[in-house]
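In the two complexes that follow, chain A is the common piece, with chain B as its partner first and chain C second.
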Partner chain A sequence: MKKLLEISLGIVTSVGGFLEVGSMATAAQAGATFGLRLIWAILLGTICIIFLVEMAGRFAAVSGHTIADGIRERFGFNTFLWPLLATLLVNFMVMSAEIGGVAIAADLATGIGFQWWAIPVAFLAWLFLWKGTFGFIEKGVAVLGLVTLCFVVAAVMLKPDWKQVAAGAVPSLPDHDAESYWFMAVSILGASISPYLFMFYSSGAVEDHWDKTYLGTNRAIAGLGMSFGGTISVSVLIVAALVLGEHGVNQVDDYHQLPLLLIPIFGFWGFVLFVASLAIACFGAALEIALQQAYLVAQGFGWTWGEDRKPREDPGFCSVYTISLLLAAIPIGLGLDPLKLTIFSMAVTAASLPLTVVPFLFLLNDERYVGDHRNGMISNAAVIFVIALGFVLAVVAIPLQIFGGS
Partner chain B sequence: MDLLRDLLDKQVVDRRQVKIGKVDGLVAELRHGKPPRIVAVELGSITLARRLGSRPGRWVAWLAARLGGERHAEPHRIAWKKVRNIGVDIEVDVDVRRTAIFDWQDWLRDHIIGRIPGA
Partner chain C sequence: MLALAACSSSGPVEQESKIAASASQTAVMVMDAWAAGAAPSNYASATLQSTAEALVEVGRQIESDNPPESPKRREVVTAVGQLSAAAKDAQAGVEAGNLRQVSQARQELRAATANLAAAYAKYFAPKS
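On to the complex of A and B.
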């Protein structure tokens, strides 16, 4: 019974935490421009993240190490520096985009320009981390995040042609704007396979004192939680394809177009639901990423860490999330377009994947860490696939950004 | 025991299970006619910087001495005989409060973090 409760809580957490500015913006753009044809990219990304999250949780439960600990220990400091710096940079950009997402929601709600909200949003996030415990952050924000399920309701109510939805789940070649098509596919993959997601998950498992008895729980949470999360992203895409397409919007290049998504279905409440979804989803993600920055540095250098401690017990840890939030607020405060930043940072995330995922291949096959719970053939194949995908994306994403990006 | 595999870069905890850093370096004593022997583990930024190269090592050592005084001009060393247990973490029979390892965290707490309400 206790396990069942834990599993449901874990699923709620991953569902509530799944949607963030990246998955929302990329799915909406893809739906508007290419209809239902890019659903496959979300499915592919979701399958990849299920595998990586399951592995991160298994590694933490069996070895007592977070992924960051494992990389440093197994490969040494000099090698660890590369994924460390890459992840810090990618996280900085993504966190900035999330702050931008909340700021846009505040802008939509009040009419006061988004750049004025950057610092207040960062401050509020900081306050949550400063005063909150891990359980409060993880579960509180996740429960609120369930508001994003309104996209699923909307998608069903729109009665899409399910045959076309199924056809979109199969990869296909674009019939127009090929560069833009592939660039969007890359951004969607980057938004789905976020390093912060699986690294945060392994830190969470250690914070919650997981051991081998949690392996089943871990598998259920990774599989079901991420699948439900992916369903929300697909719903955003479906809604964007049907609603925006119908209104003649086939290019999302401004956040102000987005509330239109839910208005035809829910009327004025659609606007409220959209603003709430955007604000909560992005705020939750900003909290998790800020925390992940602090975990990463503290774990990498062996400092005391833990969100359940008082700030004065781990000053180094708190300083990292404080500085990270402040820095991430700056680009938005200066008026950098959050939508552009989002799409760009998703592509960079995709390109950075090999650095964080290659270590999985070693860590999850090393008996000294995972004992009998090593990767099977399928898991290893999945890791190799993500690495290969990451390499291709690294080579493809940057040129596409220059030639095909909006 | 394989020193690099089983010691280097592992988490170090003190007597009270406080995480105090990683095994950033190992100090070996070369003995005439006998295999070298580990005499201490090293922690801290100077050791880390030395692993990147001799020049970063010199820069960080200079910087640490400027910021922290003589006490911080050399890496923190914990004698090998203080090592109590080698498992997931490496436990040392030391109280971090009696070392200089957390001086910077103490400074941060006393001068910045501790002054913010709610800390």
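On to the complex of A and C.
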């Protein structure tokens, strides 16, 4: 019974934590511009993240190490430095975009420009981290994040042609704006296969003291939680295609356009639901990424770490998330367009994938860490596929940003 | 409008025309939502202002991408200018809480969108 409750809570956490500004913005742009044709990219990204999250959780439960910790110990600090720097940089951009997402929500709700909200949002996030516990942050914000299910309700209410939805799940070539199409596909994959997601998950498993008895729980949370999360992203795309696309709004390059996703369906409450979804989803993601920055640095340098400790017990850990939040708020405070930053950071995330995914192949096959729970053939094939995909994305992401990005 | 949406080429003017058409449809959606009481005035006003600014930028971009004597440029820029002006009128109407002014601006926007589609069809749409 206790395990069932934990699985349910874990799934809720994954669902609530899956949707953030990146997945929302990329799905909305893709749906508005290309209709249902890019559903396959979300599905592919979701399948990849299911495998990576399951492995990250299994690694933590069996070895008691986080992924970052494992990379440093197995390959040495010099090798660890590259994924560390790449992930810190990518996380910085994504965190800035998430703070921007909350700031946009505040702007939409109050009419006060988003740049004025960057520092207050960063301060509020810092306060949550400083005063809160891991469980409070992980589950509290994620439960509130269930408001994003309104996109699923909206998609069902729109009565899409399910045959077309199924057709969109099969990869297809674009019939117009090829560069933009592939750029959107890369950005969707970047938003779905976020390194912070699986790295945070492994740190969370250690924070929650998982052991081998949690392997079944881990598999259920990774599979069901991420699948439900992917369903919300697909729903955003369907809503964008059937609301914005059908009204002739084919270019989503201004965040003011985003509430129009839900207004025609729910009226004024659509506006409220959108603002709440954006604020909660992005705030939750900003908290998780700030924590992830602290986990990475603290684990990399062998410092004491843990969100459940008092700040005086792990001052280095707390300093990292404090500085990270402050720095990430600066670009938004200076007026950088959060939507443009989001799309750009998703493409850069995709480009950085090989650095964070290659170590999975070694760590999850090393008996010293995972014993009998090594990767099977399917898991290894999945990692090799993600690595290959990561290399392709790394090569094409920046040229596509130049030629296909808005 | 359909001609713009179905556009398959992606030269600078075509691309800018598509952005303009999309922005004008955004303005129409916001005006309808505001008129139905589904969008708060500050949001509707900010969106219309942002749309008008985007349209001005589109017009500027088309001017810089084409020689001044180009008829393509003249007609498209005129239509985009009309769209921008209509969005500004709508914004003023929303701020004043004047439903009639917003309704008038909506008609102007529709007319300007038709002009843009006609200019696009004349110069850029695939010939059969």
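The rule is short, and it goes like this: the second predicted complex is superposed on the first by the 406 of 406 C-alpha atoms of A that agree within 3 Å, B and C clash if a C-alpha of one lies under 4 Å from a C-alpha of the other, contacts with A are read in each partner's own complex, and residues count from 1 in each chain.
Note that in this section a residue touches a chain if its C-beta (ideal position, glycine included) is under 8 Å from a C-beta of that chain, and two chains touch if they have at least 3 such contacts.
Keep in mind that this is a model prediction, so the values were computed, not measured.
In the overlay built on the shared chain, the residue A:Ser8 is in contact with neither chain B nor chain C.
When the two structures are aligned on the shared chain, A:Asn365 is found in touch with neither chain B nor chain C.
Once chain A of one complex is fitted onto chain A of the other, the partner contacts of A:His176 are limited to chain C, with no touch recorded for chain B. By the touch criterion defined above, A:Leu108 reaches chain C but does not reach chain B. Once the two complexes are laid over each other on the shared chain, residue contacts for A:Asn380 go to neither chain B nor chain C.
Applying the stated contact rule after C-alpha superposition, one finds that A:Gln164 touches neither chain B nor chain C.
With both structures placed on the common chain, the touch criterion links A:Thr133 to neither chain B nor chain C. Look at A:Cys318: by the touch rule set out above, it reaches chain B but stays clear of chain C.
Against chain C, in their complex, chain A makes its touches with residues 107-108, 110-111, 175-177, 247-251, 253-254, 256-257, 259-260, 263-264, 267-268, 270-271. The touching residues of chain B, when paired with chain A in their complex, are 4, 8-12, 18-22, 24, 43, 48, 51-52, 88, 104-106, 108-109, 112-114, 116, 118-119.
Residues of chain C that touch chain A in their complex: 1, 5, 7-8, 10, 18-19, 21-23, 25-26, 28-30, 33, 36-40, 42-43, 45-47, 50-51, 54.
Partner chain B is touched in their complex by these residues of chain A: 63-65, 69, 72-73, 76-78, 80-81, 130-131, 301-305, 310-312, 314-316, 318-319.
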